[in-house]
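Several structures are given next for inspection.
There are two complexes below, and they share chain A, which is joined by chain B in the first and by chain C in the second.
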Partner chain A sequence: MKGRYEDEKLFWIPVLIAAVFLLPFLLKGMTNSYRYYLYVLNIAGIYMILTVGLDLLSGYTGLISLGHAAFFAIGAYLSAILVDQGGLPFELSLIIAPLLTGLFGLVIGFPALRLEGMYLGLATMGFGFIVKRMIIALRQWTQGSNGLQVSSPHIFGFTFRNDWDNYFLIYTGVVLTVVIARRMVRSKLGRAFMAIRDSERAAEAVGIRLAKYKMISFFISGVFAGFAGVLFAHTSHFISTDHFDILLSVYFIIMILVGGVGSIYGAVLGALFIVLLDNLAIPLFKDWLQTFITVEAGDIQSLIFGLIMFLFIIFQPTGLYGLWLKVRIYWKLFPFNPRKRFS
Partner chain B sequence: MPDLLIDNLHIHFDGVIALDDVSLTVKSGEIFSLIGPNGSGKSTLFNCINGFNRPRKGAIRFGGINLLRKKTHEIPLLGIARTFQNLQNVPYMTVLDNVLLGAHLRISKRDTVKRWLSRKQRVAEEALALEIMDLLGIANFERKYLLGQPFGIRKLVEIARALVSRPKLILLDEPAAGMNDQETIEIAKIITEIRNELGITVLVVEHDMRLVMRISDRICVLDSGKVITIGKPDEVKQHPEVVKVFLGEGTDA
Partner chain C sequence: MTELLTGLSQEVVSGIALGCIYALVALGFTLIYRATEVVNFAQGELMMVGAYVNFFLVSRISANLGITGAWMYFIAFMGALLFAIIFGIILDLVINRPLRDQPVFSVIMATISISIILRALVAMIAGPFTHIQSSPFGDGVVSFNKIAISVQDVFIIFCAIVLVILFYIFFRKSRWGVAMQATSADPTAAQLMGIPVKKVYRLVWIFATLVATVGGILLAPKTLLDTNIGFIGLKAFPAAVLGGFGSVPGAIFGGVILGIIETISAGTLSYHFAWIKEINDVIPWLVLIAVLMVKPDGIFGIAKVKKV
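On to the complex of A and B.
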C-alpha cells in the first residue's frame, strides 16, 4: 500500500537542522557584533517554542488565548523558584516546570469549555491579569515587582554562561518542539483538534469528546509556554512582572497571524519575523525618523506591529508560510505559471 | 448485527412538534429510506439517534442499548456513523486526513504513540482510510486539501469518513442532494455496495425519489412528525395519502 509519507522530502529536514546549528559559527565569522545577533535569535527561539504551543491551541483547536504571557510567566517563575530556592536540579526543572504550567492550562481550560470566540479571549486575558497580580502578591518567593535574579542553566555539569551557549540550548528546544508538534498535528490528536475548530458536530459524530480534547489542547499549549518560560528565566538571568504584560500576549497572537494561523512552521516564521523586526529593523527606522521628529521606541513598535497585522490580515491571511507555499508552487511550475493562480 | 428500534419517539421545539410518537424498526442488513416534505422531522430523527437532540419521550434501541441514555460522542462507539446534509468536514486538512478522522475510535492511544516514532505505523494508519477511499473511487485525491475540491468529492469524503469507522449502521443525510444525474447514479451504486459488500445497515434520508425507489428495501414516509406509512417501495408509491402529501399528483416516480 502506498503511503503519503513515501514521497515526502524528508531530506531537507536534517539539512535545515544542521543549518540552524551552524548559523552561530557563520555569524561569528561574518561580524564582530555576533553576540547581539545571537541574543536576538535566542529571544526569537524562546518565542518560537511558545508560539508553536499557542498555534496548537488557537490555530489548530480554534480556542483563542490572550493570556499566553501568563503561562510564560508561570513557567519562568516556577522554574526560578524551584531551582534557586527549592534546590531542584535544572535538568528536572526543565521537565517539571512545564508540566506544572500545563496544569494551569487545565485550570483555564475549564471555563473554555463553555466560552467561545471573543468571550474566551476576554477570560484568558483576565487570567493574565490575575497571574500578574498573584506574582506580585507572592512577594515571599517572587520578590514582588522588584524582579527576580535567576541562575544560569546547568545541565549535567555544563553551565550555559552566555548567549553563545544559550543558543544551542534554546535551539535544541526549538527543534524538539517543532518535531513533537508536527508529529502531534499529523496524528489522531491533530485531526481531532482541527475537527473541533472547523465542525464541532462532525467531531462529536465521529466519537471525539470535545471537552477532553479541548483540555488536552490547553494542557499541551501550557506545557510549551511553560518550557519557553523556563528557558527565558534561566537564559535572561532576570525576570520581573514587566516582561509578562498583556501586550506580550497580543504580540504572540500577532506572531501566529503573521506566520500563518494553523501551521507549525508558520508559528516559527512569525516569531522569527516579529522579533527580528522588533530588534533590528525598528531601531534603524526609529533613528531615521528621529531626524525629522522626536519619537519614542515604543510608539514606533506599536505602530508598525499594528500596521503589519492589518496588512497581513487583508493581503496575506495565510501568513508567511502561505506565501512560501505559493512561491514553491510558482517555481515548481516555472515556465508555466499563469499569474491567475496567485491572485 | 442488531436492529434499530425506534419506539414512540416524541420531541418538540417550543410548541412545534417535530416528531410525534414515531415508531419504526430498521432491520439488520436493510436499506431503509426516510422520505417526507421539508420540516417533516427526518433530520430531527437522525439528530435524535445521534444524540444532538434529546427527545422527551420514547426510546431508541440498538442492540439492547437505549441510545437516548448515551452521550453524542459515545454513539459511534456502538457502531453508528452518520453523514450530514450540510457538509461538515475540515477544509484545511487533506482528503486522506478527513477520512481518517472517522477512524478516531479505531486508532488506540498506543498506536498514536507508536505512530509518532515509526513510519510503518503511519502507513498502516493510512491503509485504513485508503481501503475505503478505493471503494468510493476517491483514492486519487488523498493528498489534496479538501478546500477547493468539487462538491461531489466532498460529499463522498463525508461518506468515507462515516464508513472508515466500520459501523454496523450508517445514517446518510441526503447523500444525493446537489448532485447531478451522473453522480446520483454513482451514489446509488455506492449505497448498494455499502450494504452488499460491507454488510452495513443503511438508513437514508433523501429527496430524490428515483434514487429512493431504486435502492430501498423499505421506505418510511413522514409528514409533520407523523409516520404515514412504512412499506416496500411499490406499496408506498400506491398509498393514497403519500401521493397526496408528498409525491404530488401526476408524479410517476
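On to the complex of A and C.
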C-alpha cells in the first residue's frame, strides 16, 4: 500500500512555508512600493483560505455553490459585530465566528441534501441574495447598506496595524488552512467526499452516509469561508454589502476553476493568479485600451475574467495545477515524451 | 374592502404582464435544457442583447433613413430577430458544441462566463448610460372598471400567448418539432433514426435567442434599458423551478405566478406589513428555496430517475 504522501516530495513544504514568510522582507528590499504588493498579497491570502474551503465543497464533494460570498459576508459581519459591539476578544472571535458561519453552512446544507447539480447552484445563489438582503435589513447592528467600520485585529496584546503586520497574520492562516485541508482530503473524510463526488450511488453502496458527509462538507466549507471573512473584516477595516455580491461568488468559482478543480494547491494558485491579474495586470491593460476607447475598469475586469474562465473550461479543464502536473511528468520522462497520454 | 380588491386586481394584472416576460425567458432556457441538458445562465443576457440591438436599430433607422412611426419599429424588430438568429448560431458553435459531455459544473460555469462576457461587452460598446426605449404604443392606458392596463402590457400578454401557441403547434405538428422532441428524449436513438441532431441543437439555440430577444424588446419600454436588465433573466430561474424545470407549461405558469407574487408583495403586502418591504427584492429567491424544499419538481415537473 502506498503512503499518504508518496506522490510528492515533502522536503519542499517547509521550504515553501519559509519562502512565504521571507517574501515580505524580499519585497521590502526590492521595491519602495512594497506596501501595495503586500496589500494585494493579503487579499490573495484571504481568498486562498476561502477557495480552499470552496474546493473542498465543489471540487472534492462535487456540490456546487454559487453563494459562497454569503458565507464570507456572514463571517465578516459576525466577527465585526461580536468584537466591536459585543466586546468579544479578537482571539475568541477568530474561532467562534467561523464556527457560527459553519452552522449557516449546515442551514443551507440541509435543503441541499435533496438537490443536485443545477438545482443546488440555484439554491445557493438564492441563499446569497437572501443573506445580502438580511444583512441590510438587520441595520440595527450592521448599519444597513452604509457599511461598517471594523477595528484592527488584536492578538494577546499585539495589534496588527498595517499591511505588513496583516501579511503575517493572514499567511499564518493560509498555511494552517492548507495543511488542515490537505490532511483532511487524505483522510477517511476526504475519501468519503471524493467517493460522493464520483458516484453518489456507489458511495452509498459502500456504506458512506451521504447526508452526514454532505452536511460535514458544507460545515467545513462554511468554517473556512467564515475564517476568511473574519480576516477580511479586520484587515480591511471596512465592510459593506456591496462587496459581497453574486459576482464575488462567481469570481471564487473562477479562482478554483483556473487553479484546478479538486486540488488544494490548485485553489491556492487560482486565487493568487486571479488576484494578481486583477490588481497588477488589468490596470496596465486598461491604460493601454483606454488609448482607443473609453471603458470602465469594472467592465474590462469582468470581460477578462469571463474570457479566462471560458477558455480554461474549454481548453484546460484541469486548471493551472493540472498544467503543472503535466509539465512535471513531461520533464520526469523527458526523452520519452508520451504526448498521446495527455491528450 | 373594495379598495383592497381593486388594488389587488390591479396588481394581478400588472403581475401577469411582468410574469409573461419571466415566462418568455424561462421558455428560452427550458427549450435549451430539454434538448441539450445545458442550463443556460446567460438567457437573461441574451434578452439584454436583443433589447440593445433593437434600441440601436430603432435609433439608427429614425436618424439615418428618416423612417418613423410604425415602420420604424417593425423594421427594427425584424432586424433584431435576424440578429437573434445569427447570434443563436454563434452561441451554438461557442457554447453547445465544445461542452458536449462535460460535467454539469463546467457547463453552468461556462454559461455564466458567457453572461459575464456579454454584459461587459454590451457595457463597453453601448457605454455606461441608461437608455429610454420608446414604446410603439406610446403611453396609452386602457381601463376597465378602475383597473388600468398600459397598452404595452396588453401587447406583452398578447405576444406571449401567440408565441406559446406557435411553439405548441410547432412541437406537435411540424417535422422539426417532432425531431426536437425525439432528440430531447434520447439523442443517441434520435441520431440512429436519422435525425440530424446537430441541426436540431442549432435550431434550439436559435429559438432560445429568438424568444429572449422578443422578451427583451417587450421589456425594454417597461423599464429603463441598461445592462442590469439581464438580472431579470436570473429571476426567471425561480419561475422555471416553481413551474417545474424543463416543462414548457411549467415555465409559463411559473413565470406568471411569480410575476403576480412579486407585484402583490411589492404593493398591497408591503403597504400592510412593513417587514415585507425589506425582503421584496429576494421574494423570488425565497419562493425558489421554498419550492426546492417542499417539492423540487415544481408544479408541472415529473420526478426523474437519476441515471447512473
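What we mean here is this: the second predicted complex is superposed on the first by the 329 of 343 C-alpha atoms of A that agree within 3 Å, B and C clash if a C-alpha of one lies under 4 Å from a C-alpha of the other, contacts with A are read in each partner's own complex, and residues count from 1 in each chain.
We adopt the following convention: a residue touches a chain if its C-beta (ideal position, glycine included) is under 8 Å from a C-beta of that chain, and two chains touch if they have at least 3 such contacts.
Source: prediction; values computed, not measured.
**Student:** Look at where chain B and chain C land on chain A after superposing the complexes, then choose clash or fit.
**Tutor:** fit
**Student:** Quick one: the Cα-centre angle at chain A between chain B and chain C, nearest 10 degrees, please.
**Tutor:** If I round to tens, I get 80 degrees.
**Student:** Which partner, once the models are overlaid, touches more of chain A's residues, chain C or chain B?
**Tutor:** Touching more residues of chain A than the other partner does is C.
**Student:** When the two structures are overlaid on chain A, which partner does A:Ser33 contact: first (chain B), second (chain C), both, or neither?
**Tutor:** In the superposed model, A:Ser33 contacts neither chain B nor chain C.
**Student:** Have a look at where A:Arg209 lands relative to chain B and chain C in the superposition and call it first, second, both or neither.
**Tutor:** After superposing on A, A:Arg209 lies in contact with chain B but is clear of chain C.
**Student:** Touch test for A:Asn146: chain B only (first), chain C only (second), both, or neither?
**Tutor:** A:Asn146 contacts neither chain B nor chain C.
**Student:** In the overlaid three-chain picture, which partner chain does A:Ser187 touch, first (chain B) or second (chain C), both, or neither?
**Tutor:** It touches chain B, and chain C stays clear.
**Student:** For A:Thr159, using the defined touch cut-off, is the partner it touches chain B, chain C, both, or neither? Pick first, second, both or neither.
**Tutor:** Touch status of A:Thr159: no partner.
**Student:** Between chain B (first) and chain C (second), which, if any, makes contact with A:Met309: first, second, both or neither?
**Tutor:** second
**Student:** With both complexes superposed on chain A, which partner does A:Gly262 reach: first (chain B), second (chain C), both or neither?
**Tutor:** A:Gly262 contacts chain B only, not chain C.
**Student:** Between chain B and chain C, whom does A:Ser199 touch in the aligned arrangement: first, second, both, or neither?
**Tutor:** Both partners, chain B and chain C.
**Student:** After the superposition, what is the least C-alpha distance between chain B and chain C in whole angstrom?
**Tutor:** Scanning every C-alpha pair, the shortest chain B to chain C distance is 9 Å.
**Student:** Residues of chain A that sit at the chain B interface in one complex and at the chain C interface in the other, please.
**Tutor:** Overlap of chain B and chain C footprints on chain A: residues 199, 201.
**Student:** So in the complex, which bits of chain C are touching chain A?
**Tutor:** Its residues touching chain A are 39, 98-99, 102, 104-106, 108-110, 112-117, 119-121, 123-124, 127-128, 234, 237-238, 241, 245, 278-279, 281-282, 284-286, 288-289, 292-293, 296, 306, 308.
**Student:** Flag every residue of chain B that touches chain A in the complex, lowest number first.
**Tutor:** 50-52, 72-77, 81-82, 84, 88-94, 96-97, 100-102, 104-105, 107, 112, 115-116, 119, 122-123, 126-127, 130, 142-143, 161, 165
**Student:** Could you pull out which chain A residues touch chain B in their complex?
**Tutor:** Contacts found on chain A: 1, 3-6, 180, 183-184, 186-189, 191-192, 194-195, 197-199, 201-202, 204-210, 262.
**Student:** Quick check on the complex: what are the chain A residues that touch chain C?
**Tutor:** Touch residues, chain A against chain C: 58, 62, 64, 111, 114-119, 121-123, 125-127, 129-130, 133, 136-137, 199, 201, 247, 250, 253-254, 257, 261, 293-296, 299-300, 302-303, 305-307, 309-310, 313-314, 317.
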